[in-house]
Amino acid sequence: MARYGPMYGADITFLGVDRCDVTDPGTFAAADVVILGAPFDGGTVNRPGARFGPSAIRQACYLPHDGSRPSLALRVDALADLRVLDAGDVECYSGDVEGSIAAIEEAVRRIAASGAVPIVLGGDHTIALPDARGVARVRGMGRVSMIHFDAHADTGNVAFGHLYGHGQPMRRLIESGAVRGDRFLQIGLRGYWPGPETLRWMAERDMRSYEMTEIGARGLGECLTEAFGIALDECEGVFLSVDIDVCDPAAAPGTGTPEPGGLSARGLLDSVRRICYELPVVGMDLVEVAPPYDQAGITAALGNRVVLEALSAMARRRRDASGHPPWDPRQPLLDGR
Amino acid sequence: MARYGPMYGADITFLGVDRCDVTDPGTFAAADVVILGAPFDGGTVNRPGARFGPSAIRQACYLPHDGSRPSLALRVDALADLRVLDAGDVECYSGDVEGSIAAIEEAVRRIAASGAVPIVLGGDHTIALPDARGVARVRGMGRVSMIHFDAHADTGNVAFGHLYGHGQPMRRLIESGAVRGDRFLQIGLRGYWPGPETLRWMAERDMRSYEMTEIGARGLGECLTEAFGIALDECEGVFLSVDIDVCDPAAAPGTGTPEPGGLSARGLLDSVRRICYELPVVGMDLVEVAPPYDQAGITAALGNRVVLEALSAMARRRRDASGHPPWDPRQPLLDGR
Amino acid sequence: MARYGPMYGADITFLGVDRCDVTDPGTFAAADVVILGAPFDGGTVNRPGARFGPSAIRQACYLPHDGSRPSLALRVDALADLRVLDAGDVECYSGDVEGSIAAIEEAVRRIAASGAVPIVLGGDHTIALPDARGVARVRGMGRVSMIHFDAHADTGNVAFGHLYGHGQPMRRLIESGAVRGDRFLQIGLRGYWPGPETLRWMAERDMRSYEMTEIGARGLGECLTEAFGIALDECEGVFLSVDIDVCDPAAAPGTGTPEPGGLSARGLLDSVRRICYELPVVGMDLVEVAPPYDQAGITAALGNRVVLEALSAMARRRRDASGHPPWDPRQPLLDGR
Amino acid sequence: MARYGPMYGADITFLGVDRCDVTDPGTFAAADVVILGAPFDGGTVNRPGARFGPSAIRQACYLPHDGSRPSLALRVDALADLRVLDAGDVECYSGDVEGSIAAIEEAVRRIAASGAVPIVLGGDHTIALPDARGVARVRGMGRVSMIHFDAHADTGNVAFGHLYGHGQPMRRLIESGAVRGDRFLQIGLRGYWPGPETLRWMAERDMRSYEMTEIGARGLGECLTEAFGIALDECEGVFLSVDIDVCDPAAAPGTGTPEPGGLSARGLLDSVRRICYELPVVGMDLVEVAPPYDQAGITAALGNRVVLEALSAMARRRRDASGHPPWDPRQPLLDGR
Amino acid sequence: MARYGPMYGADITFLGVDRCDVTDPGTFAAADVVILGAPFDGGTVNRPGARFGPSAIRQACYLPHDGSRPSLALRVDALADLRVLDAGDVECYSGDVEGSIAAIEEAVRRIAASGAVPIVLGGDHTIALPDARGVARVRGMGRVSMIHFDAHADTGNVAFGHLYGHGQPMRRLIESGAVRGDRFLQIGLRGYWPGPETLRWMAERDMRSYEMTEIGARGLGECLTEAFGIALDECEGVFLSVDIDVCDPAAAPGTGTPEPGGLSARGLLDSVRRICYELPVVGMDLVEVAPPYDQAGITAALGNRVVLEALSAMARRRRDASGHPPWDPRQPLLDGR
Amino acid sequence: MARYGPMYGADITFLGVDRCDVTDPGTFAAADVVILGAPFDGGTVNRPGARFGPSAIRQACYLPHDGSRPSLALRVDALADLRVLDAGDVECYSGDVEGSIAAIEEAVRRIAASGAVPIVLGGDHTIALPDARGVARVRGMGRVSMIHFDAHADTGNVAFGHLYGHGQPMRRLIESGAVRGDRFLQIGLRGYWPGPETLRWMAERDMRSYEMTEIGARGLGECLTEAFGIALDECEGVFLSVDIDVCDPAAAPGTGTPEPGGLSARGLLDSVRRICYELPVVGMDLVEVAPPYDQAGITAALGNRVVLEALSAMARRRRDASGHPPWDPRQPLLDGR
């Protein structure tokens, strides 16, 4: 498997970070994080276009593509404080879901095996299967919990006669043993899917799914805190899977299956920050950014910021782990500069 | 009056429910809800396009058009639990406001006379006059209260030299005796219209209008609860009229007269849910979805979900009326499945 | 294989013609033409979205969807004069190119076997393989010539490691023996693909490809006349494959791989008219209409008109075959009415 | 009837020309041309939005709005050489087609009565009835011939149960005696409307309609020359009615009922130039520019240029009438400057 | 300097208020507020287009442009209760940042010298330098505090080798002494700019910047109250500078450098209301509305409403200063009408 | 001056060709062509956005960015047959027109001094001044003729009080002696600018401008042939300046000042081909591609193809100069492969 570069457009990296080659472990031996594109959207049951997600997310920033992004809020520069590399895109043909899954999983596994955290840019949510399983193959099957932001449970069984697609990855993950059902935490579900049979399947696996009604009634912060407790029980690491459609279509119109009534962009960014600051995240993906349906690039920009927020919080987590005073969200911006 | 089918596009039904014919009462004798399109936008004083609302709202869903929509939040499948039919569109020529009003009112009256709840998909807000009056002619003039979500009061007297248009239906409703002014509840008003004279007219009729400032200061939930108390006083039923522009333009750009500073999509969906769960809704319309101004169909999707939310809450209300434990918004999604 | 209805949206038919069921030959026994949707875009190497082509092409008309379309130019009403049915969409999952090809080919074969002309609405150009081969299986392998409108030769060998995709169908068709290379006529090629090796392969098969430069220098009419002579030599029928990107992006922006410098819409419509009037067309497809990239629906409208033009010319051809005076493009519209 | 100003937006004039008041004839006593907005789109059977046509056409220019536009081709500055005024918009409520027609007709009649040429900016094509009849009331019923550019014949009888709308104005004009059927010249028709019965009605009135096929076969120039001969027979003046959809959707996407296969923008501009230079045009309208469906304002820009081309040719016609050498399209731009 | 009128489009005024001429003080001698357009976007480091901001903001309203806007919330009609004039646009060439700054500053100074409050419509944020300095030259250098809504601090030093641009105005303002660093209040900052060096410069000037994290943790209301206390200490007036990108891209997609995670439209409107009601605002600008990136005009509409909210609150502040009972946000809309 | 990379976006090269550094002549010593971005749009008097032209034009291709583009029509692979390098973007601040001109001119001069042909991607047409003058400084002032495709003459004198901008470069070029007025050939002019005074200035310099009317009457081919004769008289080389707005807005909506009635994309491509095949082109620019106004990237795609067409024709010209049989536009594509 050769480095393919972004399949859909010019060969660029996430905001200008250095390149690595996923087939040559030496090129990312010292990396903390390796970004990987998975431009696959053959698994979408409705609007495609997420194949352009990796390219759009990498570029969606008005600042120079110089490999530096000092976070105002977290007081770290993740692209400088961590060693973040970009391995380009996995070659994945949208007309071949199984071949694409295999190729992505192998690439993710190699990155995880190096000790780096893979951050996979989708692509549709089909890729959560190889993303999380690739990490679990290294960290231990069933030893990585899942925190999953999404409007949809993605626990379908069969669609269009196929086991693999963007509505089924979470079921396949649990069935494969990669992630335990009772360590599977879903945030932001809403709407009219799936039906009772699938919900029963989920309940039987002891999944914990926070629908927007519960989040509205209890508060997002309280739900997250509860989920964090579950996530770390008997697991050493967390995989964070963010479907951009967890946000309200107002904030993320550029996606395949928008469902009204979701999180604000602020809510998602704050949640991702807490997760990557408070928990040991060992893998992540960001999926379903579909540029053909975007307006003025705002969905791609949000995707870019979700990744940066995660990186910044990981950097701050590392810093504070070495004795630095913990992060205080109430500290004024210019205090202590 | 023959079934006309969606005037603007192919002949489809709301998410695939069965058809009925408004001129043949036998076809909807057993219906709980009959959906009706009113593709009229001749009453808009600014941006037209709402004539494409019925077609867009009926289709705006990425799930199969199979006549089934199990609500995650409410644990009912409204399209299965209720008998919901779609009567197609009233033939209404946008160049003839008075003829269109008459045709819509007659169609709504027939539906209401069958005992079914008419849900009318606009079209511009002109149609609230025939929608609510058509229901009142059956339920009793002055016996149905109104809950009206909108950025605008729609209580103007004359526009462009005409009594009928999308800025005047609420005045005509009160003047006609269909709805009592002191049972008229408005939620979400804001901006710079109408002026003092019209506001005085409204005050003199004892209307109760919640401007966004009051809603922000007191909370939407408290305002709704207060409004519910008024609505049921001496009235047996409630007509719910939702102008999509009650939402902030971020969530509903596809509308004719967007006014910044409105509700979130979440806020509107939760409100509609409470109304249709807690109150005896006997008619509803959803208006001012204007597809030419939409982005990626998010406004049409919101409109679709407002209708589904209403249907789901009606279904749950009916179920709980027969002794089922009441709905608890804090119940985890998978609890008890 | 059950009727699936348009996979992406409501279950409608082409401009309101009657339905048939491809799994039940009796439903289309008497049909002259059967329209079939193939909403597959997993074979695109760049912009997807053509999966929404069938739905968009079927609806893209401002006239009533009443199953009647009298052609001003040809003085026939194809939807009335021919028996045109719509079989809905083949279920084809974009993540499975080989399964989709098989399903499409079987459906096309059944239609052709009934004696009807299949008109397949794509989807990406991958489907030309099953479309033309499905017809050839009935009419005789190598007995159907191909007239292929496209900016691209679509004779690639392997892409993304796969033999099947929207850049390779014409090679597979020739290799399979379905269509002879020396009865393969391409109109409208231009740009920078394919390279010399593929062009040599094409030359060795005696294909005849009209690049836009030759068309500009000689005139489209002369090129077509020359091509018609080749098409009918030792072949009994013609398959017409129209990639909408044969038109200039000005006329067809809503497509996956737009190449500047193409035909005008008028040029394409006139060509399709001549082909279906002068030649025995036994199958047709129209591909690569990608609604997410369209503006005001003009590409879908063009696609709709290409189909209607073909149908109208077939109807006129049939009428004139029974002794009616031949069609005269110089006849005034109202002359002889 | 008071000056209303542009109903849809700020009160501006066509490219900055001076204002006049249609209710006060003294304000336009010396005018050569008076521009009038008719922002009515209640007569559209499909996409509305043409109500914003007058505002868009008036503004669609990147040059200063300074009341000067020297034509490179015709070597006149129509806005300076002619006295062109702008009377603002007629107040016409889209929900009242009959009232709007009456108001427009009266305004046009007043302008024509002053001796000025009215140029009416639509709005949908409904307004051709009051536009041309208003002129005929002054110039003589049946004494003004019509040259009508359009994809559609607009000779329908009844639509949505109404006699008036954008598909019927030409029939009403002939029925009313305002324009003789045998002095009615239509350029650019195509597509699938109207049907045989209406075409027979047209033929019986001896209308002369040039469908795009005839135009393609004979050439636009030859068809125009032939039409000019008919137009001046027993008529003293010509009314020019331009529906922007006569152009191909590539050039005019921003319109309500786009029909592929039309004229290029160049073809329309050249035709309008010839008509206004070679014939005594006594009235004009430009209709069906629908900004909500436009891209980058190109359709509105085309509409603006159609008006300027007409004005420039009128100015040149007047100049050459006083002995100036006739216009030569082959003269180099800088020759004789 | 002559009145130039809106450089980019027709010569209109804000919602139809009367004109004045900034070169003739007599024309605005009695004005309370003078609106001024500064259509400059040469200072943008990314997406331009804000040059069309003044024209868009002036027009972005569906109500008649009649110089009246009665605020539902504040019970005043600012355009009637205050004398608001529009001086048109300063001629500022985007290719000449320094010349443009000089021209804007002189125009603002003249307005401020008359005692009127200048409200400058941008244009990019470069103009905050001449806007606030023009006011300070009249009110006293260092005597006017700044409340600055923005996603970005705009305190850069040099960009593209230049001192002037839309990332540096706040630094230049402090350096010039126009505004004291310790009276500089920033609301809504977030993201990844500027870096530590610039933040240190800001801290050394005792600026007070509220990043979104602090606002989220403490509440916007509390932050504003704290800021108000600082603003009035040793300053007699406040300059309010609103960069529309302080709002989340969901609410303001039409801007040059959108940063996810910002305020809602409601939050911004409420803040502007409080500032203009509770504080003595002596100047204001609204910048970075970039129409080419807008959707359905929602960003321009928000900009229009920010200006109206400011005007309405100023009008109410004046009324209440003369003994009227203070504004109560909990008062029902129709109470006391 | 350091290599800056594409100022607006990621650091990429034209379709993947190799990089060079304009400050280090050794890096492009052997180049035939050097591509240079000039992302300046501060000179636009109307719609900006052309600063994103270089980035868009470099990427606007659906084929792999692999540095190979075999031309079907010309049978060369320009990116392989010529040594084409990309020097990235000149740092040019849109707020500083004079500084930007100086920086561009120096970069172009360096490239020309190496013997390579500079191809400059704009940016607005302001850059034609430094582009052509930079070449003339090397080739000889007055020794390079100009062929200029444009809707506008760009010979204005002063705009917004400035000598430099996108409406004046051609005047400055002639005044500076870089290009002789009588060797200045303009193709495609039309519309309403400039006025008589400027036209007289042009006539006095013996410029030769082909307005669209003359082109329509005589044919584009004949006009080009005539122009070629003039171009080579006493000049050794030709500078080709292509403003994309020479095309009709249908083909190039993404531009700042669209003027209806222009060339088709095919017409422009054929013209560029002839110029670069028949004439010794020593420099070129392509300007006014404004992505914010584009639809589906069709204008950027056209820009990309204009550059490739020029490169391909240059490569073919070189090949045929060494004895290869001349190019024959009537040769069938597969003939001789």
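Letters are used for the chains, namely A, B, C, D, E and F, taken in the order the chains are written, and counting of residues starts over at 1 for each.
Basically, contacts are C-beta pairs under 8 Å (C-beta built on N, C-alpha and C of every residue); 3 or more make two chains touch, one makes a residue touch a chain.
By chain, with names taken from UniProt: A, B, C, D, E, F = Agmatinase.
These numbers were taken from a predicted model, which means no experiment stands behind them.
J.: So which chains count as neighbours of both subunit C (Agmatinase) and subunit D (Agmatinase)?
T.: For subunit C (Agmatinase) paired with subunit D (Agmatinase), the chains in contact with each are B, F, in label order.
J.: Could you classify the subunit C (Agmatinase)-subunit F (Agmatinase) contact as same or different, where same means more than half of all interface residue numbers appear on both copies?
T.: Looking at both copies, the contact residues mostly diverge.
J.: Compute the centre of every chain as the mean of its C-alpha atoms, then state which one is farthest from the centre of subunit F (Agmatinase).
T.: Computed centres place B farthest from subunit F (Agmatinase).
J.: Counting C-beta pairs in contact, which chain pair has more, B-D or A-E?
T.: Counting C-beta pairs in contact for B-D and A-E gives the edge to A-E.
J.: Pick the pair from D-E, A-F or C-F whose contact list overlaps the C-D contact list by over half.
T.: Answer for the repeat of C-D: C-F.
J.: Indicate the whole-number Å distance between the mean C-alpha point of subunit C (Agmatinase) and the mean C-alpha point of subunit E (Agmatinase).
T.: 57
J.: How many angstrom lie between the CA centroids of subunit A (Agmatinase) and subunit B (Agmatinase), rounded to a whole number?
T.: About 38 Å, centre to centre.
J.: Where in subunit E (Agmatinase) do residues touch two or more other chains at once?
T.: 46-47, 248, 250-251, 264, 293, 295
J.: Each pair of chains that touch: what are they?
T.: A-B, A-C, A-E, A-F, B-C, B-D, B-E, C-D, C-F, D-E, D-F, E-F
J.: In their shared complex, at which residues does subunit B (Agmatinase) touch subunit E (Agmatinase)?
T.: Residues 45-47, 189-196, 199-200, 202-203, 207-214, 216-218, 248-251, 253-254, 256-262, 264, 293-295 of subunit B (Agmatinase) touch subunit E (Agmatinase) in their complex.
J.: Can you name the residues of subunit F (Agmatinase) that touch subunit A (Agmatinase) in the complex?
T.: 5, 9-13, 16, 58-59, 65
J.: Of all residues in subunit B (Agmatinase), which touch subunit A (Agmatinase) in the complex?
T.: Result: residues 62-63, 68-73, 77, 248, 250-251, 264-266, 269-270, 295-298, 301-302, 305, 308, 329-335, 337 of subunit B (Agmatinase) touch subunit A (Agmatinase).
J.: Taking the touch rule as given, give the residues of subunit B (Agmatinase) at its contact with subunit D (Agmatinase) in the complex, in rising order.
T.: 8, 41-44, 46-49, 51-52, 91-97, 99-100, 126, 159-162, 164-165, 292-293
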